[in-house]
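These are the structures, in structure tokens.
You will see chain A twice below: alongside chain B first, and alongside chain C after that.
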Partner chain A sequence: MSWGDIGAGALRAGLALALWGLGAAAYAGWKRDARALASARAVAIGAFLLVLVADLAMVGALLSHDFSLVYVAENNARATPAFYSAISLWAALAGSILLWTLILAGAVAYVAIRGTRSLPRLATIALAVLFAMLSFFLVLVTTAAADPFTRIAADGIPGDGTGPNPLLQNHPLMALHPPLLYLGYVLTSVPFAYAIAALILGETNDRWLTETRKAALASWALLGVGIVAGAWWSYAVLGWGGYWAWDPVENAAIMPWLTATAYLHSVMVEEKRRLLRTWNIALVIATFALTILGTFLTRSGVVNSVHSFTQSAIGPLLLGYFVAILVLGAGLLLYRIGDLADRGSIGAPLSRESIFLFQNVLFVAATLTVLLGTLYPLIAEALSGAQLSIGAPYFDRVEVPIGLALLFLMGLGPQLPWHGASRATLERQFTAPVIAAAGGALVAILAGMIGVAPVLTYALAAFVMATVAQEFARGVRARRTLHAETGLAAFVALFTRNGRRYGGYVVHLGIVMVVVAIATSQSRTIELERTLAPGDAMDVAGYHVVLRGLRDVAEPQRATTVADLSITGNGATRELRPGLVQYPNSQQAIGSPGIAAGSRDDVYTILAAYDVTGKAWATIRVRVIPLVSWLWAGGAVVGFGALIAAWPPPRAKRVAVPAPVADAVGAE
Partner chain B sequence: MSADSRIGGRRVLIIAALAIAVIIGYVAAQSLQTAAVYYYTPTEAKQHGFAVGQTVRLGGQVLRGTFSYDQTSRVLRFTIGDGVTTVKVEGSGAPPGLLSEGAGAVVEGSFAVDGTFRATQVIAKHNEIYTAPTGSAVPSHQTPAP
Partner chain C sequence: MKRVARYTAVALILGLALVLTLAFRRDPHDIKTGTVGKPAPAFTLRSLTDGTSVSLDQYKGKIVVLNFWASWCIPCKEENPALTNVWERYRGTDVVLLGVVFQDSADAARTYTTRLGNTWTSAIDGDGQVALRYGVFGPPETYFIGADGIIAGRHIGPIDESTLLTGIDTLRKAARP
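Take a look at the complex of A and B:
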């Protein structure tokens, strides 16, 4: 039996089980039938195991270079290193959808095991919704839409494959970024399924929301970290010295993250004040729908080129799926809207809930404007036939002011009490942060930042940092007087006792790091390009760059020409090897930058061109990019803060507590 | 807090939220107008007759035998064509790694007085992915997405 037989067979059996599970869970929810529920649970685990077998079969086929499969022949070669062979599972469409299906099957099994213990009826209906989604994806991977196990006729099997896309086998970050994003995408389906279940059952309480808090937080954090990992990959691989280009693929990832961020905050208004309930369900539906819309836009090719629309059946299928989600979600929400009416309203403009409201308005506005910029080329072509592209200037002009306003609210919100603030409260809470903001602006001006946006970013970043520091200082002081703890013990206890709040502040600090890194690297990068002969040098921003020579490096899977550079400056000497890499499946060489990363700045070097005949000269582009490392570090801090926020408090051993993030992830 | 002041506060909130939405909508609409860069084939661009200095994008194929890069002045020259019309392109800086003769390219910039296209940005198109514009096709900005 071949890898292809195992994989294809497992997926077909998995589809049968998923359909069975859908029927069993729906029946169990409708009739409150315990035997049907037990059956649905067993089937969920079985379906997960089968999809796992299929994914492993694909990895096995890639590792053993089984070119009888179209996917392997197109995305693998005998010379591909084992590591890149294994991660080629997500190097192209069909494999990515296969991984997606595995994560979804994991989510189904997780809800089946953990969820149905605590909230049988709600969770059972949610399980049915998740089984329906799993069935859809299993249809994709067992039909021509995205069948990863499509075979090549026995007489046409090639002796060697073409290998993965060069850009996808050039950096180990490729192992991290797509799976993180897919985990984030797929986990948004858990809150969605519970929200739909609550709407179907007419449950107007908040149980669906508390039950899915960890999943919502996990999906948000994984999406965020996945986006930063993607930016890092783009920076380390694509050789342009940037990390974000407002490309449709990037926009597709950021949009659900924006609505999920809005949701994580507005949820607190519902918990504390029982307000915004319709709004929260709408955000959950929108977040999930946007993950599918983004996948549709980027996978069908509709945004890049209208004409590749029909190349795979996956485009129309995903569009249909998206429309079905919207119709189901919006229809149910409208049907139940009378039961969800808020009792009470947000009053004072300067209260925590009103800041959350403004924050939500801004996040949704950011989502809609990104969506508009992404879809506008399609709209314009449909209306007038004109072909155009919307570049970074649009997104920068619209999103930067929104981002700055959000940064301001990030400092404001946590410092304001619920229901409204008095003048005395305002003075107590904001004296220090306002002084810090002025200091931040001064630092920016002294550091030579030019322009309103960067200076304002520094001021607001200092404002937020001061509010966070103030919160921690007050928390520690309160614990020391109340519990007679040492300063350190009190500090740690803030995280363990009230992880959600103080983990949230850590997330805010991570965001500040990201924002400062973006503002600084965007406005203070220095670039110089020179053509050098071996032995020549160039000076950029305090760095002395010497071209030692050019040489060829041969590896089984690729041939590289590297420029040996010595970088001296700021008290250190580094050797960098930017190169141009030639893969056999690509006619043109791709750049491979040499990067000397540092906490102060990165020296980013690119071999832009060289003398092919005699290696007598090379054009070297050097970018000195300040603080860019803080962007990746900030992403890690955001993830760490989310982990603190999701960690259950020590003594609270309730039966119904959902597992921490690590479990939610590990279950896949 | 009295019931009256709460209603007043609510009205302020709604007006403020609506004002934010209107401002963002206005800025977005304005920015779309100015940030939109239109794609043309060389033939369309010639027919359209652009003003000197107006930013446009041209998509076409780098014609064989026209590509040159002077490593000391770092001036990049090539001609792109769509099978009917050709346009001479001049840029500064080393060519992107994927750019080569016969391959597709998209250049952003503007026409100079002498009819040369001064490119501020040169985007190479991978051979297998890019198809030369044939009247209605949009040059695909293919990203190496996972």
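Take a look at the complex of A and C:
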């Protein structure tokens, strides 16, 4: 039995189980039938295991170079190192959808086991919704749309494959970025399924919110960290020293992250004040729909993007899926809109809930403007036939002011009490942050920042940092007074006792790091390009760069021409090896930058051109990019803060007593 | 109110589905070259460096390599050495290299040309109308205009030196039969 037989068989059996699970969960939810629910739960675990087998079979086929499978022949070669062979599972369409299906099957199994214990009927309907989604993805991977196990006729099996796309086997971050994004994308389906279940059942209470808080937070954090990992990958691989280009595929990832961020804040208004119910459900539906729209844009090949994917039958299917989600979500929301009406109003403009509302409006505005910029070429062509592209200036011009306003609200919101603030509160809360903001502006001006946006970014970053520091200082002081703890014990206790709040502040600090890194690297990068003979040197921003020589490096899977550079200056001594890499499956050599990363700045070197015949000269481009490594560190801090926020508080562990399935279903 | 919301939702979903469905009609990488073979649209713009007027008419009878670019565009930077070499080679001959900046601010574009040491003329297409008339998809894009004023070729994306030389040679041969 081959890897292909195992994988294809497991997926078909998985599809049968998913369809069974869909029927069983729907019946269990409708008739409150405990046996049907037990069956759906068992089937969920079975389906997950089968999809896991299929994914492992694909990894096995890649590692053993089983070129009888089209996917392996197109994305693997005998010379591909084992690490890149294994992660080629997500190097192309069919494998990516297979990984996606595995994560979704995991989410289904999780809801089946955990969810149906705490909120049996609601979770059972949500489970049915998730089974429907899983069935859809299993249809994709078992039909021509994205079948990863399509075979090559016995007489046509190649002796060697073409190997993965050169850009996808040039950096280990490839192992991290796509799975993180897929995890983030897929986990948005859990809050969506619960929201749909709540709408179907007409439940107007907020229990589904509490139940899905962790999934929402996890999907948001994974998406965020995945986006930063993608930016880092693009920085380290693509060789132009940038990390974001407003490419349609990047936009596809940022849009659901923006609406998910809005949701994580507005959900607090619902929890505290029972307001914004319709809005929150709309955000959950929008976030999920945007992940599917993003997948559609990425995978259907309808937009012109650097992430070029071949067209396949998957496009129309994903479009149908997207429209079905919109129709179902919007239809149910409009049907129940009367029951969801708020019984109160937001009230004072200077209250925490008002700031959350403003912030939400800005996040949605940011999403819609990115969506418009991404879809505009399609709209323009549909309406007038004109083919055009929307460049970065549109996005910068629209998104930078929105981003700065959001940064301001990020400092403002946590300092304001619910319901409204008195003048005395405002003075107490904002004296230090306003002074810090002035200090931040001064630092920016002294550092030579030019332009309103970078200076304002520094000022607002200092403002937010001061508010966070103030919150921690107050929290520690209060605990020391109330519990007689030491400063450190009180600081740690803030996270363990109220992780959600203080984890949130850590996230804010991470965002500040990201924003400062973007503002500084965008406005203060110094670049110089020189053609040097071996032994020649160039000086850039205090760094002395010497070209020692050029040499060829041969590896089984690629041939590289490397420039040996010595970098000295600003207290650092580094050897860098930027190169031009030639893969056998690509006509064009791809640049592999040499990067000396530092907390102050990165020295980013590129071998732009060289003397092919005698290696007598090389054109070296050097970019000194300040604070860019803070961007990656900021992403990690955001992820860490989210982890603190999601960590269960000590007391919650003791109350988690599962109820027997039959009783729970009957009792609902 | 509810009815308005319902109609709006239906209209938005239908509109979005229609736009996305229509997008299947073509491959986005296959960009139409509608203006090739037709007379090059005339224009009069301001020079980036000194603000003087730059029009296509003033190069009548010459071969014009019209390069659309922007300072924020990374591939534009990549193709700059090729443009520089071609400019040095044909300077003062019957071949003119003319840059058109669009989707960009004049200040950013001026900083860009100074930093890269570009000395050929670039004109600023502030409202993007010239780019639109030529059917530019996005920067960088290069048009080869013959001595007869007809657009003979178009290159989308960063151009290399040999493509530039071949394009110019073909037009020179056509001009001197």
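Keep this in mind: the second predicted complex is superposed on the first by the 646 of 668 C-alpha atoms of A that agree within 3 Å, B and C clash if a C-alpha of one lies under 4 Å from a C-alpha of the other, contacts with A are read in each partner's own complex, and residues count from 1 in each chain.
Please note the rule applied: a contact is a pair of C-beta atoms (placed from the backbone, for glycine too) under 8 Å apart; a residue touches a chain by one contact, two chains touch by 3 or more.
All of these numbers come straight from a predicted model, not from anything done at the bench.
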Chain C versus chain B on the shared chain A, clash or fit after superposition: clash
Which of chain B and chain C A:Ala559 touches, first, second, both or neither: neither
Which of chain B and chain C A:Ala330 touches, first, second, both or neither: second
Partner chain in contact with A:Leu173 - chain B first, chain C second, else both or neither: neither
Contacts of A:Thr369 with chain B and chain C, given as first, second, both or neither: first
Partner chain(s) touched by A:Gly242 [first = chain B, second = chain C, both, neither]: second
Partner with the higher number of touched chain A residues, chain C or chain B: B
First (chain B), second (chain C), both or neither touched by A:Ser354: first
Touching partner for A:Pro393 - first (chain B), second (chain C), both, neither: both
Identified clashing stretch of chain B versus chain C [1-9, 19-27 or 55-63]: 55-63
Interface residues of chain A shared between complexes with chain B and chain C: 301, 304-305, 308, 381, 386-389, 391, 393-394, 608-609, 619
Chain A residues within the chain C interface of the complex: 240, 242, 245, 296, 300-305, 308, 311, 315-316, 319, 322-323, 326-327, 330, 334, 337-338, 375, 378-379, 381-382, 386-389, 391-394, 396, 527, 608-609, 619
Chain B-touching residues of chain A, taken from the complex the two chains share: 90-91, 96, 165, 167-168, 174, 177-178, 181, 238-239, 247-249, 298, 301, 304-308, 345-349, 354, 357-358, 361-362, 365, 369, 372-373, 376-377, 380-381, 385-391, 393-394, 397-398, 401-402, 419-420, 529, 531, 580, 586-591, 608-609, 611, 617, 619, 621
Of chain C, residues touching chain A in the complex: 2, 5-6, 9, 13, 16-24, 26-29, 31-32, 70, 72-74, 77, 81, 103-105, 115, 132, 135-139
Touching residues on chain B, where the partner in the complex is chain A: 1, 5-6, 9-10, 12-13, 16-17, 20-21, 24, 27-28, 31-32, 34-40, 57, 69, 71-72, 74, 93-95, 97-100, 103, 124, 126-127, 136-138, 140-146
